[in-house]
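Next come two complexes, and both contain subunit A; in the first it sits with subunit B, in the second with subunit C.
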Partner chain A sequence: MIEQRLSVASEAAQLPVLTRFLKEFWVAAALPPAESVKFELALEEVFMNVVMHGSPGAGTQVEVSVILCDGGLTLMVENEGPAFDPLLLPAPDVAASLEERKVGGLGVFLVRQMMDAVSYQRVAARNQLRMTKRLTAGVDSPRLAPSV
Partner chain B sequence: MIAEGRLDFGAAKEFQAQLEQVMADTRTAPATVIIDCAGLEYVSSAGLRVFLLAARASQRAGLGFAMCSLQPAVREVFELSGFSRIIAVHTDRAAALASLPQRSA
Partner chain C sequence: MFEIQMGPAGEVVMAGRLDATQCDAALKFLNSVPKLQVIDLGRLEYIASTGLRVFLLTQKRLKGLGSELKLINACPQIHDIFRYAGFDQIIDISRASA
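Moving on to the complex of A and B:
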């Protein structure tokens, strides 16, 4: 298992710092490049939700953990503050017309579509959102085992 | 109009301003907006919002609006979000141009 953790201020200007952190983890762990985008998107959407809805004021921190374990990658985003479960946001109507289409809730909707599992927990006075997805290009897949 | 690089929360505001400027110009020139995404590697909901607002503004103003040359990762976001049903998406620039109504100058 490989785990890395980064704490940043809860502000939009920190988004590039988090993206770089994730990309550096990706390269260091030699993960398949094509799979990176989904995690970058999940991190952006969840972090920006915290920045816009979840923070009680200046000076609060957001902790991001990246955990690689058994061919799956978990992103965990934690912050102190009032309880805020982004998974309770109403799903967007993806069949709405151009004129009626709204953008609210789209970020979390995309995260749910792209990850295998997304869960929210309130731990002590902290919001904790976990997102996990298997990395498909694992070389240890049984299907790729040589048959004799 | 060309969209390239990363269209994330940080880049969305400036891109929106550029797009609005282009669209304001098109009211007196050819009345179509095509966004070429060949160089666009990443789009988040912040970027989708800009495309949605621009497509809607185009429709209201009677302008054509289309996007083309989406990379696989961007295409996937468009499909999952249902945007490929409300915004015309073409394989390349030629196909996008061919699809838009021709207007005489």
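Moving on to the complex of A and C:
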């Protein structure tokens, strides 16, 4: 298992820092490049949700963990603050006409599409969102070989 | 890193990552383009829901003017995200030819 953790301020300007963190993890663990965008998107959507809905004031931190285990990758996003479960947001109508189309809730909807499993937990006054997806191991990714 | 500029044939060219930090600038640019129609996504590497919103707002604005967007050269990952969101039903988007 490989795990890395980063804590950033809960503000939109930190998004590039998180993206870089994820990309560096990707390269270091020799993960398949084609799968990267799905995790980058999941991280952005969940982090931006925390920034918009979950931060009571300046100085709040958001902790992001990336955990690689048995060929699956888990992103965990945690923050202190009022309970906020983004998974309870109503699903958008992705078949609505242009006039009726809205973007609210689309982020979480996309995350559910991209990931195998998404779950929310309230742990000791913290919001914790976990997203997991199995990676398709390539021949050039020996570290992804299933553990015996 | 995100870039948006005019291409040689009057199209808008986007490149790099259209993430939440770039959307305001992208929308402002698109709002300033007269007779906007074609956007070349050939070098766009990444988009999330805030980026999709830029295209939704622009499409709504253009429809109000009797026109519409035409997105071209989307790479498979970008095209997939439009499709997952059902945006391929409301915006003309075509993939890059292989």
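The definition used in the following text is that the second predicted complex is superposed on the first by the 137 of 148 C-alpha atoms of A that agree within 3 Å, B and C clash if a C-alpha of one lies under 4 Å from a C-alpha of the other, contacts with A are read in each partner's own complex, and residues count from 1 in each chain.
Just so we're on the same page, contacts are C-beta pairs under 8 Å (C-beta built on N, C-alpha and C of every residue); 3 or more make two chains touch, one makes a residue touch a chain.
Worth saying up front: this structure is predicted, and the values here are computed from it rather than measured.
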| item | value |
| --- | --- |
| Partners on subunit A (subunit B, subunit C) - clash or fit | clash |
| Partner chain(s) touched by A:L89 [first = subunit B, second = subunit C, both, neither] | neither |
| Touching partner for A:T19 - first (subunit B), second (subunit C), both, neither | both |
| Subunit B versus subunit C as contact partner of A:F109, first or second or both or neither | both |
| A:V37 touches, of subunit B and subunit C: first, second, both or neither? | both |
| Which of subunit B and subunit C A:L135 touches, first, second, both or neither | neither |
| Touched partner set for A:I67, first subunit B, second subunit C, both or neither | neither |
| Subunit B versus subunit C as contact partner of A:A9, first or second or both or neither | neither |
| Doubly contacted residues of subunit A, that is, touched by subunit B and again by subunit C | 12-13, 15-16, 19, 34, 37, 40-41, 44-45, 48, 94-99, 101, 103, 106-107, 109-110, 113-114 |
| Of subunit A, residues touching subunit B in the complex | 12-13, 15-16, 19, 34, 37-38, 40-41, 44-45, 48, 92, 94-99, 101, 103, 106-107, 109-110, 113-114 |
| Parts of subunit A lying in touch with subunit C, wherever the complex brings them together | 12-13, 15-16, 19, 34, 37, 40-41, 44-45, 48, 94-99, 101, 103, 106-107, 109-110, 113-114 |
| Residue ranges of subunit B in contact with subunit A within the complex | 6, 8-10, 41-42, 44-46, 48-49, 52, 55-56, 59, 73, 77, 80-82, 85-87 |
| Touch list for subunit C against partner subunit A, complex | 17, 19-21, 45-46, 48-50, 52-53, 56, 59-60, 63, 77, 81, 84-86, 89-90 |
